[in-house]
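Naming follows writing order (A, B, C and D), and every chain is counted from residue 1.
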């Protein structure tokens, strides 16, 4: 395991391929510091006594101690610890910890590459294991790129007028492939070491060129990062840890990029049989990522609840029944979403690769609840804060020679609290609720890892309504087969088995 | 373990003390059959291969096989099995299984009687264990009576103009106590063997006469049951299992009732020190009962979802996206509430008595979600059914010589479904959504085990907001002590310890 | 204008064609009295000083005083008065006043029959006016029958396997037509004088036999009423006006029924050109009916709010902030729905026939809000009442010699209120929230006059999104034509004009 | 009436008293331009043919044509036109038109100053009329300052430890008064001509020094503006009208400011009798302001709906039923809030001064609905847009020589729409939903003109629950006085009458 300093040194050696507006900038651009400071927490905590039990784990591959963000979950306990680690670290940065996506992509790949080999007799899993070993050894940070530009949303990839709207293989060579396309809305890429690319949807046979997955360093030739940073406003005059944090979202353009063989995990262009697994990989990544959300989203809700409770105290309204009611609903949402993740772990199953896969119904139900509530949570925060979070004079006014003292005088509220702390509280909430970054947090809270409607679709794909109907058929006297009821869900394992059977005997034609 | 027939025979021997309207009726009154048929399921399943693993358990007291409804939970697994048993049995009766309340009261009493002895040097726990052994041996059904008439809701028990508005001890004798009062809104009493009485709120020192808990046979002298039965409409012409079920709610009047010593579990009148434990017992019963709701409420939601899915199929709209969305939200609520119960078990702790106590934050958050959604669930059911569930001609019309054939002709909907089944489906939903019993199910869904606002209060009593605030204080640069975050909840165990210390050295003055 | 006694006498003379279950009953069946008592209010109020200004109006046809329920709206003021009358009368009966549907059907027919003549050169309007004169002269009560059995909901009328699933003309003769089919979920028919039949959807050219509208006496040959009555439970011992009211819903079977020419208002079988107007008539009836809902639904909400406020007072919680908040939201919904109706009147327009037609966007938005909130309103009522509304002993217990006094003793709550009144209050809410009739009120509140989803569809049919988009196009710098913004709605008048043009030159081929 | 250029010239002559951070800036600071550009629309439209009928009105004082923003409403029609003008102008600026608050303050003062004179025999109304004439003549823009710093929210003004936490008169002199305090969260002050100060709450006799209202130029001696500007991000490469707009919120510090007599409208320090009118003035200003919100909030909802409809089209999902449903609910909210304002006008009444006062129940119900829905509206916008609105590369990337072409290639979506327009659409929504200004719009949507809880309180103050209860009392057989129901609301006029009586004979003691 390395340190944040090692990570940063490694990062700063990368070639510049980041555009902010029309500027080409290096990885040391100050606008990228906020995100790097969040990654810092994932390194620091692994070296801390306080979090070691959660953040450090023994690799099932090498037996060495590794950062949990590089780990393939082997048990229910791994899932529970990952979930708890995510929650705790998110508290420290006031939001997304930004390193889970790489971990989620690795876990998904572990399942699918193993499966590819079993079903098709290929050697993806060996390749993946080598990559994983390298990843764990170097304690890498990965960005996972899933969402394509997608062009005309009513058309499938191969039907697009411009065939590049989904990332695709334009050539399979002896030594690798060449890809073209664009992945959008990708978090953390400018300060990640690696970029793991996965498909964003099911692919039919005609979409075979789009069934592709691979990993590359983020500064690889032809990879162009069009980045939009968003940072909390820093503080000049007061300590303000939140002010150190930020984010960067990226349009990743693959301008005819070569990917060497040892970094390819799926390639429908070279082997059309693999096309069938694109959707599975897409969903499996989304699934692990949504399970991560059952850790981070409760944390974000708790950050909001914490700020809401604090400002309610400072405003002197903490004990009123409507405030207690609102706080308790924020807490309730956090607890329920986390419980959904815990029960997902309890009802998890082992994939054939040995990777532990959470329950899909519960994970999706939990993630969806979080997404559906996010705007309401901001409403509660604004409600308990009052208008001042959007109208507070800039920090400088409170430290101005001319008017600073007067300004501070009028920050008094709860007489047991110093005006300076009241100012800190309102500036903090301003950052979290009235800023460009806050807007991003809202949108990410809704869409990140899949929108509520995607979770609904996934749930209903996995849920067996016919079995559910048996309950009322029995009660209403309609002939049916109500046995002892089990949660009527189709598990990934069963799905994989079905796939494997369907693949039986499919040979790759040269 | 006994059979339903044994139970019924025992019941029918009881003295008549039930009033329906102004009629004094026996326990064989047909209006009480619906409820008895629900209890039947709890006996039958214990004798069935299908449910034995859930419904039968080994008594920690006697080592004998007993019905789980008579059991004191000894482990996380006991809590999980109780929750699952509740869910499965509720599916069979289309709603409340009606036998959990006795079990919940016993569990609460096991904790509190043990604690009384530890803190005050009394012998309640021995007495309770004898009662429990008798209870388990005879496989009894108990009604738990908590809610008092309460009179003026702005006044505490001892402040009431009419001192009987909360049930109270009017005399402590050598051989027992005499009680007076009325417990309202009590389910199942006319077909329960035993009545377990617990307080419904915290009691201050001046309320000592109201700090009382005991058990009695339901036909005991002076106990008068003013009962309101509600049954699904039975079917003459079609098989309709739901039509067998019903409920009875009771105003239980204690008209100066003598309770012998061996059936007294709390008595502030005789020993004012015990008064302090009234609130604890009240909350502990509510807590076990709310945890039971994390089993039954998901089941009721699934019954509604099942009927909604069925009628959507029969109406031919099952595949439309708004229907899928609505069904998936019903399913999501059921899953989340159940997950809350499972996580409550995972985060449960042992009380000093050895009884396993679920986590309070999660149990209350889960129960509250269920309560808050219940009316919305009926709305979805009505939405997908259409108006016919409220306007369907009576069954007789469909079997009338004159018009039956014509009536049935116009029940055609989905051509793959026989009109008779469509009729069954609409009659079933009519019963569940447009009947006096349906109204009861709605109100019970909201208030049973405590209204959402009671759960909010309980949650906020147990949750430590100061620790939560540390998250934002840390982020905003306000001095605080953010250590590794733990769910900031005060557990019953810690509460009991505090109580025990406070009691130290308090002697009973004779 | 006649009296209730006249109405009843007329009714009782009708031939028995009502089936309750398999019983053939007369119009004097006591189970039909509840509904008749509601109709009574519409007669009584027209003769009362208190309501005369609202309930009595001058016929534009004859210049005579008539009951407003028989009137064709001629002005904005007529619409406003109809809306207010509906609200006030509904307060008196605690729900639906049941006579508006006839009025709504007449108004819709006035628009469409006029239009038919203008577009096609027919004489429907004269026929309609004669019928209207007869209707007004005799102060008739009409039932409007719109919803067909509909069979397979995925198929249009002519595509059904059983062609009778939508009511249809099976023969056009010299002197009239013969119809067959079934209209379901129809309110009030067993105690209405007349039955006005309108189509329930758009009809394409192949559906011409289904494009039919006419009026008949409710006891006409071949008309069979399969009725499901629902009444509030009556009171024996206490005055309980609500106990007098009830409802009856009917499956109306048309068993090959002859309709004479002078009662036919639309007939696509005899004149296929008329088919195009079926949908218009369907929507126009729904529209007038939904505007009526902006009068009755606020009243129902106010009944609920009134009961909620009363029980909150009796429970002693009236002044708490959460109760005030909940009451004020009930009131807010009532006010907003009524305001939508008033603004609909303000933005109404005259149809070519002279009939005043409310604004469709506002009417639908208002009706939808009411429908979407109805279950939530019952939730609030149950919330403020507590569980007792579902568990209250029957009235008899409170007047029993044995236990009546004791029972009443425990009804004490707010010390300023007599226990008898507390009992009245809980019995009243029990009737409104926990009874078969309550279930009907919920379902009718959701679906009556069209479900929220129907209102959404209607709104979006009428709303011109392209014009709305101009606002953001302008702000975002996208070329567009933002002129002064007008509510981008297509009015019925414009629709009718378009139709009339399309019909130009279409001759009836013999 | 003057032009925007006149206004700007006048503004630029003002003394610098604006602090942004610790910088003292002039009114020509570019960060203030966004707000000035919004005010521009109010001048331009008054000179445009398109809006003249709404924006120009005849002064009841001088008979001259004036800008409606300077007008005292004289009729229902005035209220309706103000509401419609507000809606239309807000469409043009994509949000708050920022000039209504001055108008609302003037209208409130017209009512109260008249009333003061009638009740107390003072000459406030004459003074006010002179000020009004000057205001109308010079076509001034006013900022209205209501919210005080408020210090400890659990204490009333005179109870505060620091007596300056509410603005107060520290001295009444011959020629005027001296005031000290701070008004917070005030919109538009740095580019307003005048500042009108009103109290923010009821004042008791001991709060007399706080019962003060007056007007001053915004650059008056001792007035210090601590300003926080927020502007949409401007566009370099594309036309982007929204980019011209912005806002400025201000902490206004009154550092011992002298107010001359002719600009004082209320002064409890000089005349304690006037103290009673502070609360009335506070509420009357809030009331007119909330009625303005029934014009602007529908517009903001329509801006959001417009953008949502546009992006749905560009994303190709416009016709799906869930999108139609969401859009139609946005439209419904806009229509219902506007209808509430229209009905408020319909049920308005004349104050004794001749000023037309809208209905309070309806105004508050409408404003509250808007406030309660605002976060949900942003959720819908984010939902239909997808994550790109928060992750879009900066404009420069799309016009970069290196990567611009590639970036634009991947903006393709709906093939009928040019990528440039898709970019415009996403940039526009980014501005409206993911920016500091967007955060302000959310908070202002919730709190501006009073939070939902303030509207609830106002509604319940005005609503007569006892009359409402009569409905259910009548139905339940409880003795009551149900007459013909009227909306049970206490109007301002009745309130004023009560006040006037209470004041009778109260002389000012010298």
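Descriptive notes on the structure:
The criterion applied here is as follows: a residue touches a chain if its C-beta (ideal position, glycine included) is under 8 Å from a C-beta of that chain, and two chains touch if they have at least 3 such contacts.
A quick note: this is a predicted structure, and the numbers were derived from the prediction, not measured.
If you compare C-D with A-C, the chain pair joined by more contacting C-beta pairs is C-D.
Most remote chain with respect to chain B, judged by CA-atom centres, is D. Rounded to a whole number, the gap between the C-alpha centres of chain C and chain D is 40 angstrom.
In this assembly, the C-alpha centroid of chain A lies 51 Å from the C-alpha centroid of chain C. Touching of two or more other chains is recorded for residues 322, 325, 453 of chain B. On the chain B side of its complex with chain D, the touching residues are 320-322, 325.
Residues 50-51, 87-88, 91-92, 94, 235, 238-242, 302-303, 305-307, 309-310, 313, 318, 324-325, 327-329, 331-332, 335-336, 338-340, 342-343, 346, 361-362, 365-366, 368-369, 421, 424-425, 427-428, 453, 456-457, 459-460, 463, 465, 468-478, 482-485, 487 of chain B are the ones touching chain A in the complex. Interface of chain D with chain A (complex): residues 19-24, 147, 149-154, 161-162, 164-165, 182, 184-186, 224, 226-228, 249-251, 253, 255, 315-317, 322, 374-376, 378-379, 382-383, 386-397, 399-404, 406-407, 409-415, 433-436, 438-440, 442-444, 446-448, 451-453.
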